[in-house]
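Two complexes, one shared chain (subunit A), two partners (subunit B, subunit C).
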Partner chain A sequence: MRWAWIALALALLAYPLVFTSPFYQDAGALVLLAAISASAWNVVGGYAGQISVGHAMFYGAGAYLPLLLHQHWHLPPILGVPLAIAVSLALALVVGFPTFRLQGHYFSMATLAVAELIRIVVSNWELLGAAIGLQGPAVSKNWWDLTFRSAVPYYYIFLAVLALLLYVTWHMQESRLGYYLRAIRSGERAARSLGVPVRRYKLFALMLSATFTSLAGSLYAFKTGFVDPESGLGILVSVQMIIIAALGGTGTLLGPLLGAVILVPLQTTTNTLFGGGGAGLTFIVYGGIIVLIARFEPGGLLELWHRLTAPRTRRAPAPRHAA
Partner chain B sequence: MILLQVIVGGLLLGAVYALLSSGLTLIWGMMNFINFAHGEFVMIGMYVAFVIVVALGVGPGIFGLAAAIGLFILGVAIYFALIRAVMRGPMLAQILSTFGLALLLRYTAFWIFTPNFRTLPQTSLTGTINLGGILLNVAQLAAGLVAAALTLALHLLLTRTAIGSQLLAVAEDRQAAMLMGIRPDRMQALAWGLSAASAGIAGALMAISYPFSPAVGETFALTAFVVVTLGGFGSVPGALLAGLLVGLIQALSAYYFGPVYKDVIVYGLFVALLWLRPQGLLGTA
Partner chain C sequence: MLLSAEKVTKRFAGFTAVAEADLMVEEGEIVGLIGPNGAGKSTFFNCVAGDLTPTSGRIRFAGVDVTHAPAEAHARLGIGRTFQVPATFEEMTILDNVMVGAYLRHHGWRAARAKALQVLEMTGLKDQAELRAKSLGTPGRKRLEIARVLASEPRLMLLDEALAGLTPSEIQRAIALVRDIHKLGITIVIVEHIMEVILTLAQRVLVFNQGRVIASGKPQEVIDDPAVIEAYLGRGHGRAARQP
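This part shows the complex of A and B:
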């Protein structure tokens, strides 16, 4: 098991050195970025079982604030990162505090409503560039502008953030918090009756998730140097986190990374094949995949893999979660 | 006078919101299930009306009925193909199933009908009538009245008929209902059919006087969430009252703050409601 981890880490570290073409380096960075935001979603959506369909609000806060500081006040964009995290934490409280004492559906509905509300407001707010969006530094003046021409520096920054996030998630999984969250996911009433402070831990998971989602949005803004309502706050942003996490396996440490490795190259390929018209098709395929996962394999590919590779004689019945 | 006209217009649209929301609240009350594709059912109702009018040139009576029947069949089919299975699965599967379905339906409609806004060709419901100085669009008036009547009819169906009692029995206790000789599967399929049909008719009614595109579904789904939360868990009369109220609030905020912010105000109201009164206006804590 330990060797598998070392092999994975070495493969990720060596990737841009082996694939030296800018196209593959860029694709690698995009896979890591998608893995970061999906892993962040996974903390609340997978581990705590609270399905957010509006995580774009945190991602958008992360993408907009650094570029806003740069465009309007000529401050280094990186100063916007803690600011964006603060805004995301505030949003997490606004959405999570009232809904986490209610049934799970309320949280999902509230995330969708707040994300859409923010998207409409930002699309009409001149300060935030309205429909046109915001731009980052064109050329780097200082290293802390985090503006590089090659994708390789971004690749390693994203890898470092992903490693940190996975370490935090692993730590959480092994700690009291992880056990509490699993208890909450498999039966909230039972967890509460055993004295788990359900609402507080759900809120904590959401805030952790929002922090890293916001960070993912900031990293996106640094890499592309541009954000508009569609790329920062559009529904595809939320959908992508959900589908990547659900495809790989929600509530597992490496599921989102697996999902990103499969889905992002696939998406790049279809976009190249179908050009601009591919965007609509991407949504149709995504919708179809989400429905199929929900209907046939809610545990995602990792659970399917474990079931298929488990020795036949000792195969346990498929885990049944409480409805 | 303009203000009065805005208020009446808001209430008429609110009656249509009440109809489409009562479909959502029916499923929620019966199965404790939120259908994220409900807005897409409304959108499909609009396009059923569009296709029928363009192909056959018939009036609102016919295409309204066609939208109802078409969506009833779609609702029942979705129940048997998808919902019945995910109801036994984890929460994740329940929410993702209809969320994925919403994307699938919305963007398939994009693919077939293009993202452009459409309007129905002229129907027989044209012109305005002058009611004591208030100018009312005939199509909007008819839509509002029909929607209010259908919402009441749904309420009567649930409270005054044997079918309604069977539906409520399944909602109350599935096992006990089975022991009484009721088939829960059939009843839940019926609920999905009725829910989708009410969304479909609401779509056809709105298609008469408002332009629409495949993207409108998300707005209707969110509006229905607000109405259902405001009206209280599973209550059709609550949905009627809350639908009228939301229509009114939307019309007034469009009038005072501009049309862009009418949805922002309503979604903001939703968040405020979750903080202050999640059990709805009529519910008890």
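This part shows the complex of A and C:
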């Protein structure tokens, strides 16, 4: 197990050195970025089982605020990162506080509604560039502009953030918080009967998730130097996180990374093959994946892997003394 | 007095499920709640567990008023409960299920795990610790629910038909487990359909009918009570019992 971790870390570290073509380096950075946002979504959507369909609001806050500071006040974009996290936490409270009292789909519907509302407002707000969007620094004046020509620096920054996020998630998984979140996912009534303060834990998970999703949005803005309502706040941003996490395995540590490694190259390929006409294709691919996961393995690929490698644990042997 | 529920009433949109029910439980007792289907036992039980808030009345536990407290506060104060339909955490292992309970009083992973393993040993689930809860059948799930509650170290344990649906030999084992739990000093309130279970386990029985407590006392006295016979078997039999 330990060796598997070291091998994975080495492979991720070595990737840009082995694949030196800018195309592959760029693709690698995109995979890591998608893995960060899907892993962040996974904290509340996977572990706690509270399906957010509006994580784009946090991602968008992360992407817009650094570029806003730069474009309007000529401040270093990096100052927008903590600001964006603060805004995301406030949004998380606004959405989570009223809806987490209820069970079921209210939270999902609220996230969807708020995210779409924000997208529409931003699309019409001149300060935020309306439909055109915002731009980052064209050329780097200082290192803290985080503007690089090559994808390699981004790759390693993304890798560091992903490592931090996975470490936090792993730590959470092995602590009371992780146990409580999984209990909430399995059954709120039972969790409550064992003393789990369900609402507080759900809120905490959402805030942790929002923080890292916002960070992912900021990293996206640094890398592309540009954001518009579709790329920062569009419904596809939220859906992509869900699909990637679900494909690999929700509520698992490495599921979102696995999902990103498979899905992002697939998207890049369809985009290159079909060009602009491929945009609609993304929806079709997403829809197809949802159908396949829901029909054959709701636990995602990691669950499938566990099932195939350990068929013994599928059913318990009949207890010797049943009762 | 460990638990005192006074004049507890619960109405659902005009329908009175429980009407002015009283229940006093001393520390160390085993009290049974019986009654025909729809008599209000489960509703009353859920009021005591904090899952439902009574429309009126007052519930005190260990001197604290818990009438309006949420279910998680009940658990923290020391009221544990099982569910009529087992609500185990299906995707989690049996050990992890019990650890959720253990985390209530033990904050560290190591301490929670030690507590959970100890409880699994006592409840006879240790061999299956690493299996997922969904791999268990109904008897196993009921046992797991009891284990989960035990790990949370309750003072009072509310068992909601923990023995329904078990075979006679499973019932014997479950009764033995309830006795073991009682020996730990845990007070028990048990809702049960099966008379045999109540007669062997409970020291005191309350009989519910149409939302009211119609009789209470020692099990043997209660089942001879004409009102109880009438509630279970209908009016004609009640009269027959009164005029032998």
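Brief remarks on what is shown
Throughout what follows, the second predicted complex is superposed on the first by the 310 of 323 C-alpha atoms of A that agree within 3 Å, B and C clash if a C-alpha of one lies under 4 Å from a C-alpha of the other, contacts with A are read in each partner's own complex, and residues count from 1 in each chain.
In this text, a residue touches a chain if its C-beta (ideal position, glycine included) is under 8 Å from a C-beta of that chain, and two chains touch if they have at least 3 such contacts.
Remember, predicted model here, so these are calculated numbers, not experimental data.
Once the two complexes are overlaid on the shared chain, A:116 sits against subunit B while remaining clear of subunit C. Once the two complexes are laid over each other on the shared chain, residue contacts for A:183 go to subunit C alone; subunit B is not touched.
By the touch criterion stated above, A:196 is placed in contact with subunit C alone, subunit B being left untouched. Once chain A of one complex is fitted onto chain A of the other, the partner contacts of A:307 are absent, as it touches neither subunit B nor subunit C. Judged by the touch definition given at the top, the superposed model places A:294 against subunit B, while subunit C stays out of reach. In the superposed three-chain model, the partner touching more residues of subunit A is B, compared with the other of subunit B and subunit C. Once the two complexes are laid over each other on the shared chain, residue contacts for A:105 go to subunit B alone; subunit C is not touched.
Residue overlap on subunit A between the subunit B contacts of one complex and the subunit C contacts of the other covers 185, 321-323. Subunit B makes touch with subunit A in their complex at residues 28, 32-34, 36, 82, 85-97, 99-108, 110-111, 218, 221-222, 225-226, 229, 260-261, 263-264, 267-268, 270-271, 274-275, 278. Taken together, the subunit C residues at the contact with subunit A in this complex read 49, 51, 70-72, 74-76, 80-81, 83, 87-92, 96, 99-101, 103-104, 107, 109, 112, 124, 128, 130-132, 135-137, 139-140, 143, 148-149, 152, 166-167, 169-174, 177. Of all the residues in subunit A, the ones that touch subunit C in their complex are 174-176, 179-180, 182-183, 185-187, 189-198, 251, 313-316, 319, 321-323.
By the touch criterion stated above, subunit A contacts subunit B in their complex at residues 45-46, 49, 51, 53, 94-95, 97-99, 102-106, 108-110, 112-114, 116-117, 120-121, 124, 185, 235, 239, 242, 246, 250, 280-281, 283-284, 286-291, 293-295, 298, 321-323.
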